[in-house]
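Shared between the two complexes below is subunit A, which pairs with subunit B and subunit C, respectively.
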Partner chain A sequence: MNSPPPIPSSDHLRLQTCRALVIAGIILYVPANVIPVMTMTVVGRVEPLTVLGGVEELYHSGLPVIAGIVFLASIVVPFCKLATLSWLLIMHGSTECQQQRATARRIVHLIGSWSMVDIFLLSVLAAVGQLGVLASVVAKPGAFFFAAVLVCTIFASESYKPRMIWQTREPLET
Partner chain B sequence: MTELSSPTPRWISCPECEAACREVPLPPRAVLHCRRCGVVVRKSTRPTSLQPAWALATAGLLLMVMANVTPIMSFDVAGNTQTNLIGTGVITLYKQGYWPVAGLVFFSAIAAPALYLATVWYVVAACCLARPWPGLHRMLTWAEILESWNLVPVFALATLVSVVKLDTLGTVTWHHGAIWLAVLSICAFLTSQLFDHRMVEERLEELA
Partner chain C sequence: MTPDKSTDQTPIDHGEVVPHARRRISWAWVFPVLAAAATFWMFWSNWSSLGPEIEVVFDNAPGMEADKTPLIFRGMKAGEVTGMRLGKNLETVILTVRLEHFAAGLACEGTSFWIERPVLGLGELSGLSSLIQGNSLRARQGSGPPSRHFVGQDIPPLTPLDSPALVLNLQADQLPAIERGAPLFYRGIPVGTVEKLSFDATGNPTLRVVVEETYIDRVRTSSRFWPVPATSLKMGRGGLTLSILSLKALVLGGLKFDDFGEPGEPVHDEEKFILYADEKAARATGDLVKISFHDGRGIIAGETEIRYRGMPVGLVESVILNDDTQTVNSTARFEPEFAGLHNQGTVFTLIRPQISLAGISGLDTLLTGNYVDCQPGPAGETATEFAGLSSTDSGEEFAGSKVLGVPISLHAERIPHLGNGAQIFYRGLLAGRVIGMSLDAGNTPRLEAIVRPEFANLLTQNVRFWSVPPAEVQVGSGLMHLNLANLETLMEGAVAFDVFGPSEGKTRPASEFEIFATEAAARAISAPARITFENGQGLVAGSTQVRYLGLPVGLVEAVQPRNDQVEVVVRMNGGYETLLRAGSVFTIVRLKVSLDEGVTGLETALSGVYIECVPDKGGAPERKFAGVSSAEATFKENEQRGFEIIVTTPQTSITEGAPVSYRGLTVGKIGRKILASDGRLIGLRAIIDRPYAGLIRENTKFWNAGGVRISMGFLAFNVQSQWLDSLAGRGIAFATPNELGDRVRSGHEFELNQNPRREWLRWAPELPLNK
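Now for the complex of A and B:
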């Protein structure tokens, strides 16, 4: 195996798609964490909650373990996913750290789906929080951005195939 | 694929990095790792091991129905009660104008797990019964795509978190749906663990 095997031209498209999705994901990550994802009205008190705000509230209600899980799943995991994918894309074509990149990709692929926890949490809270003034949960625009980040990262990691880590030169333009 | 037991080495492609690996006869319980990326390429598995996957997929499909039609919990504040199903949140989000989010929740909590279990059931049942049903290869591809969307365990965790959160605001009562949901998440997880793609592919080649 002296010369590298020919790279399929579809991988060029995959690389472009992945780049576009990662950049979109990074841009959307900011509003997703700044804009509230929901407002909770409890006995007349309206409370807008961002993703981090929700975690903080859980922590203050004496549930540090649950808060930790939600923090990991909805803030750390998407960040790690975007960071790892950026690393893979920047290092694409080089021969350094290929083993580490393969391991990192595998880990990110494995834990990636747990970031959906916050969207499901919103869905469950919105479902039962329909008691008018007593308790109501309303989704806010942050939910759009958060869902968009998740969709971007899921499709980005699907489009960067593990074999592409081992391709040592850029695919040719078609 | 016929010279599986012949002494001449066969080259197989690594399922992850697609490197060519030399296949060697494996002693029982041994695994063959890819020399390039280190992933498990071959496992010596027992020939009957597709049946647990079939059983779990069947159970999963039945539980999928049960978990979706039985209320999971109800939330009570000062005598006002609201009960929820998995689908209630989807409808509420849709009504509040967040239809893309509602669509995402519907797809990843209801549609994709159901389709995943159904495709796995179809492929594994065809293998176990040795029936060359139509479209098996396409179904296998679909099962591979849908595997990462099998998010029922994540939904179960979200339900648990929401109960803990709501418990500080009012009274939360569990219903039977919660049990179905918990068992369904275990079934869905185990199905994806026991669904052996290579074994299915080999069986499909024998069938054709």
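Now for the complex of A and C:
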């Protein structure tokens, strides 16, 4: 094929949407990890927990496996998603590593359906963990930011279609 | 297919859309803007809620944790400990606390910080929440210029919320038992607490008291403070009153204050007050009055009251001997509203109890202590120096010639505890009073008493006096009575008298009597009889009774050992001397539990042992008896009405008192065991009840009955065990053949078989009973 297929005009919008969402995700990623996502009140003792703090807590309470899973799901995965999407967007239009990018996008897309598991877990905790005076779990603004990061990444990866990896600038200019 | 489709469509789309698409901006760019705004707002609001950072220095800071321990002010989280470090020389702990924005006001001088930890004290139970939430830092707001450095308090203040409303210093010569945290009451309402006990500059103990803000205006310059006893027991005519102020005061002590007289000005912080010894002292705030007495007996500084028409109006503050050692000077203070009572002409009389035939005057002093009566003269100038009188100055009214009554004297080895003025009763009527006590020449204590004239003709030689116990507990069968005499008897004791025995045969008048310890002792008027017992266990001189058919007829006067026996001196009540005859049987009845007879003498469990008397009908009067044991007595009793036979056996475990049965019916008892005439056999003397004597014939057969048989399978073992037998109540049984033999005489000997033959058990003769 001599000339690449023309780019549909909607893809420009998609690209912009994706960029906007990734930038928003990166911005939100900071408060999501700094602000407590929940407070655990155990026998009157109020303990605000950030995502990382929660992982630490789990690790110290003798649950390293669960701590690992949560760490993967709530810190590594969102970070990797944002990084991968950023990489895809930076490399957009280039002809390099197209195969790897396609694979990466597929993985991000695949993981996307699982990335809300953290928020789901938190909402279950907050609903179940109401033991009156003894213990209670309350979601904090951090959770909102965290969820927003995930929503951003999901829609970003959704709006970046696989075909856009192969859309290069050169044919457009000709 | 696909390339075709795309080539079909692209020319149309391409030409039209591209230029537009290049300029179009996605609405999604709103998201980064929103995200940035939200993040910024979040951080900004977090930052703006932060107040200043302060440092608090503690000697030690148990339970503090950086980034976790909250600073709590009025129950709200007002900050957080963000850091901890040790001070120079490692002597202090410095806590860094980040205050919330709204609590920035706490960062000012005067704010006190302390560590709330659980306190389980006597009077306080605080910081319980710390038990589960961990220790926390607390603050109480001050009102000084802003500051960043604070020194924490080691002890939590008692009034944690506000700055102390009103601090008072109470001074006393000696502090009563009062602890930190003790309540301060104003007319029963706790209005403050004791915060600190210390010494002031002059070395006097000082109480630092904090009064709550709401009650500040209750404290006036005229207020008087005194400690309250946590419990008080008041005794009066109305009975006993035990009052406990409050549980807290019980443990920590308490203070009270009130205004007497004109209320004064409101007070300022750090005002000094005097803590009075008690309420009476606090009430007496008026002028100092000096009263001199010839005799200061019964005046107690700080206790003796001054009364006007029975109302306490003042208190004696001090009693000192005058310089000329002839009079006693006392100083007293009046309550301010009664200041008008001490004018020229006021007569002060020291009231002490007085006893006369008419009764006791000043009896109230027995309960309340002596007091000084105040009789203001006609209106005149207020005076402060008086010469006091004494109510007994006029002489010993009750003694000597003034007495309108018959004097008598009562003596005893040991006179009961009686007060002067104790009442003397005759059958419940007040007949006289005790007026004095003395020792006569022979060192016998003696009670002097007077008896009203109308009872004088009762005072003959056969009158018996006894002391009435103030309280008496009577235990009867199933019932318990508590008798309390009247209040006067309770205080002073009482004496009663009566005539016992035959009243005919007028005896001559007398004025000297013996007084007995109890009514029962007084009733036992007969000449003493002596009874000897093997064992005198349970006999109590003065209280063990002699009973006849269950009725008390006498009393044990003395119990003493004699010749390895116990000799009991007994006196009988009037009319029962006839029981003391030769042949009368005296037995000690004790509680006895046995399987044969069950429980006997159960009443002695409550009343104590007693001596049962079984009189002989026609004996001559006798004064010496040998008491018998209970088994012997039963035997004797049976002997009188029974028919005696002797059953011989080589060896037996049958005990005295075992039943003798005929076809299961008990018709007699084994009286006692003897060695049979030739000495080879044991003889059991069986007493058969008279109605059944006809059952015993020459050919009657006796055998061992009862006992314990343990059967195993088809083999029957007769287990013989003395212990088991005695437990099961072994006896003997007999049967008489159908062909009746001759009747036997008393004392006939029979042989005891170990087991009955079968035909014996089938014997069923027709017997002429009761013939």
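We take it that the second predicted complex is superposed on the first by the 169 of 174 C-alpha atoms of A that agree within 3 Å, B and C clash if a C-alpha of one lies under 4 Å from a C-alpha of the other, contacts with A are read in each partner's own complex, and residues count from 1 in each chain.
The definition used in the following text is that contacts are C-beta pairs under 8 Å (C-beta built on N, C-alpha and C of every residue); 3 or more make two chains touch, one makes a residue touch a chain.
Here the structure is a predicted model, which means the values were calculated and not measured.
Asker: Let me test your reading of the model: by the given contact rule, A:Phe145 touches which partner, first (subunit B), second (subunit C), both or neither?
Answerer: second
Asker: Which partner does A:Gln16 contact after superposing on A: first (subunit B), second (subunit C), both, neither?
Answerer: second
Asker: Identify which of subunit B and subunit C touches the larger number of residues of subunit A.
Answerer: In the superposed model, B touches more residues of subunit A.
Asker: So, does A:Val30 touch the first partner subunit B, the second partner subunit C, both, or neither?
Answerer: second
Asker: Mind working out whether A:Cys80 is in touch with subunit B, subunit C, both or neither, as first, second, both or neither?
Answerer: It touches nothing on subunit B or subunit C.
Asker: Which partner chains sit in contact with A:Val51 here, subunit B, subunit C, both or neither? Use first/second/both/neither.
Answerer: After superposition on chain A, A:Val51 lies in contact with neither partner.
Asker: Classify the contacts of A:Trp166 with the two partner chains as first (subunit B alone), second (subunit C alone), both, or neither.
Answerer: The first partner, subunit B, only.
Asker: Please identify the positions on subunit A that touch both subunit B and subunit C, taking each partner from its own complex.
Answerer: After superposing on chain A, subunit A residues 43 contact both subunit B and subunit C.
Asker: In their shared complex, at which residues does subunit A touch subunit B?
Answerer: Its residues touching subunit B are 42-43, 57-58, 61, 63, 66, 69-70, 73, 98-99, 102-103, 106, 109, 112-114, 116-132, 134-135, 138-139, 143-144, 147, 150-151, 154, 158, 162-163, 165-166.
Asker: Enumerate the contact residues on subunit C facing subunit A in the complex.
Answerer: Residue positions touching the partner: 6, 10, 13-14, 17-18, 20-22, 24-26, 28-32, 34-36, 38-39, 42-43, 46, 68, 70, 77, 129, 132-134.
Asker: Touching subunit C in the complex: which residues of subunit A?
Answerer: Result: residues 5-6, 8-10, 12-13, 16-18, 20-21, 23-25, 27-28, 30-31, 35, 43-47, 141, 145, 148, 152, 159 of subunit A touch subunit C.
Asker: In their complex, what parts of subunit B are in touch with subunit A?
Answerer: Residues of subunit B touching subunit A: 16-19, 36-39, 73-75, 77-78, 80, 82-85, 88-93, 96, 98, 100-102, 104-105, 108-109, 148-149, 151, 154-155, 157-159, 161-162, 164-166, 168-170.
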